[in-house]
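So, here's a batch of structures to check.
In the two complexes below, subunit A is the common chain; its partner is subunit B in one and subunit C in the other.
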Partner chain A sequence: MSSKAKLPPPDGFIDATDVVCPMTFVKAKVALEEMDMGGVLSIRLNEGEPLQNVPRSLKDEGQQVLGLQNNEDGTYNLLVRRAAE
Partner chain B sequence: MAFSDEQLERYSRHIILKEIGPRGQRKLMDGKVLIIGAGGLGSPAAMYLAAAGVGEIGLADADTVDLSNLQRQIIHTTADLGKPKVESARETMLEINPEVRVDVHQTLVTADNIMDLVEKYDFILDGTDNFPAKFLINDACVLARKPLSHAGIIRFQGQLTTYAPGRGPCYRCIFVEPPPPEAVPTCRQAGVVGAMAGVIGCLQALEAVKYLAGTGALLTGWLLTYDAMTMDFRKIKIPSRKNCAVCGENPTILKPFDYQAAVCDL
Partner chain C sequence: MATDYKALKNGGFMRQIQKDNFSLRLKVVGGNLTSKQLKTIAALAEEYGDGRVHLTSRQGVEIPFIRLRDVETVKEALALGGVDTGVCGPRVRTVTACQGSEICPSGCIDTLSLATKISERYFGRELPHKFKFGLTGCQNNCLKAEENDLGVKGGYNVEWLEEPCTLCGVCEKACREGALKVTEETVLFDRAKCNHCGRCVKSCPADAWRGQSAYLLSFGGLFGNRIAKGRQLEAVVTDSEQVLKLADRALDFFAKHGKPGERFRNTVDRVGWEEFGGHVGGEMS
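And now, the complex of A and B:
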């Protein structure tokens, strides 16, 4: 994963730590769809299953996963650029 | 329009699908489908379309729930005996999903009312059990330029096709005219296995979902037949007929008309 310094500032943010899979992906997908093409979304995820599933599912849909930021509290911010419909 | 948290969860399995997604789900929620016949085919179709969150679902049927219906018309229960089918169906659909709007038309569909009935809907689903109704619905959908899922079931067999305006043949291109009333038995006389209504009615619901969500290939130009005894599905290519009386180059049917119902149907 990219280092913190190289990541672009996000255009939007959602917290998906209040739900479990697959609702994490559902929330991420809906939020990303509401962004402009090329926009960057930061998605806060719990470590473990969401962190394994959400980036993979977004990549499968053609979205561009830019990197992860460790929040040092058991959560991560996943940065994704909207690259597909 | 933003999804509520409840909607995100209710429709999550659609939203996850690449082929539907948030956009397709919104289209379903904006969609309007008319189901003619709240019987064997209409039951599963109405239940799945309500569950899918299709915004507005119309139901047209003149009958009341009869004990002999319950073997296959799964939207009705024993407690519904004697109720108008459209009311009984509406109750089940709203129990599944209170978000959808269900408009009921407790009436026989005739040449006099069908154009008004189909007008506001995006997609029409034929779940009737007789040829005069099927030809009437086909003609009206061609004239009103509405996509139509046709289906029929009898014994262990079912068939369906989808008409889309300007994109392929209509039901009349395939069958031209209803058979003579005495030539073909109805389900009443011939019987039908209950789950056949489920298989074919669900396929009709899928055609409506794909049409509304704008995904996949419809059965336009194809007749799908299913034989449950041999478990054969066959997809038969159907050409448009230039001389079709309703969708051909020089149509002679310019407004809907009623065929005489078979004596046994009365």
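And now, the complex of A and C:
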């Protein structure tokens, strides 16, 4: 799985595989809010529930979800650009 | 004069074990009451009840410990405060609903407006036995659609749009049915596996999935003395008016074939699902 547009290198990284819903989203949201506007955050997520819900929740917050990178270990890195306050 | 318990029950007065005390059932649609209605209810519970209200299992509200002599007074006061009384007995009961797409991020249909239409059309209608409608906005099924005589579950008919798609792969992971495969060039969509949950639409960061509201109907659910899951109409309905037409036909079928005191499910089981399907115009899975 890869993105049509090449994914940009992230400006920051957060591991959200050590928490569960709803902290997964909260952790991602807080980390994203610490980024500069336009900055790209890579969020490591577990497969399943977090991957189904976190991209959508960030999108609903007005953030720009760029794509997924499969880490081939049951986790994915979700790349998100900070586009909203 | 002898107490007309049947008339009281029609008006939602449930006899209590305490002599001459009634639990007054109120009309609620989709679990919504305004603050003004709540204030009216609170004041009457204070003045005529024992100061509490009971929240029923189907989003209803009852004021217990209303004395028989106060019944008419309380009814009038409720009406002034914009509160109607509920119903019991063999008729269409409270129409339940989750918050739906107007409030909940997961919602695919506007459950409250459809619940209001259904309640306006059928609430209190006499039938061979009680008849319950329940509406839920999505596959999460918070409102347990299939427990109801007629359940409505929201979904989406989905369509993939190539142009805005970035092939990011989020939809493939969001889909729980294994209906999507994102390749280097395209998205492969196995429609036969799609359960209309709409998670692809909700999760897509590029708005590359379009969703049209769809209604998944189930008939004959029971969750009381007998437990039976409502059977789903195979066809997906995309027009809320069509939901009402199908409901009309289901209720007419029940009115025509049901024996007094027989639940809808038992009527359809007795008369036959094929015959019922022929009457409403669709097969059940």
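We adopt the following convention: the second predicted complex is superposed on the first by the 81 of 85 C-alpha atoms of A that agree within 3 Å, B and C clash if a C-alpha of one lies under 4 Å from a C-alpha of the other, contacts with A are read in each partner's own complex, and residues count from 1 in each chain.
We adopt the following convention: a contact is a pair of C-beta atoms (placed from the backbone, for glycine too) under 8 Å apart; a residue touches a chain by one contact, two chains touch by 3 or more.
Note that the coordinates shown come from a computational prediction; the quantities given were computed from them, not determined experimentally.
**Q** As a test of reading the superposition: which chain, subunit B or subunit C, is in touch with more residues of subunit A?
**A** C
**Q** Taking the superposition on A as described, I'd like to know which of subunit B and subunit C A:49 touches: first, second, both or neither.
**A** After superposition on chain A, A:49 lies in contact with neither partner.
**Q** Just subunit B (first), just subunit C (second), both, or neither: which does A:76 touch?
**A** second
**Q** Check the residue A:15 against both partner chains and state whether it touches subunit B (first), subunit C (second), both, or neither.
**A** In the superposed model, A:15 contacts neither subunit B nor subunit C.
**Q** Tell me which partner A:66 touches in the superposition: subunit B (first), subunit C (second), both or neither.
**A** A:66 contacts subunit C only, not subunit B.
**Q** Can you give me the overlap between the subunit B contact set and the subunit C contact set on subunit A?
**A** The answer is residues 57, 60 of subunit A.
**Q** Any idea which subunit C residues touch subunit A in the complex?
**A** 105, 165-170, 172-174, 176, 182, 184, 199, 202-205
**Q** Quick check on the complex: what are the subunit B residues that touch subunit A?
**A** 2-3, 8-9, 12, 15-16, 18, 21-23
**Q** Taking the complex as given, what residues does subunit A use to touch subunit C?
**A** Against subunit C, subunit A makes touches at 1-5, 47, 51-52, 55-57, 59-60, 64-68, 70, 76, 78.
**Q** Taking the touch rule as given, give the residues of subunit A at its contact with subunit B in the complex, in rising order.
**A** 22-23, 25-27, 29-30, 33-34, 57, 60-61, 85
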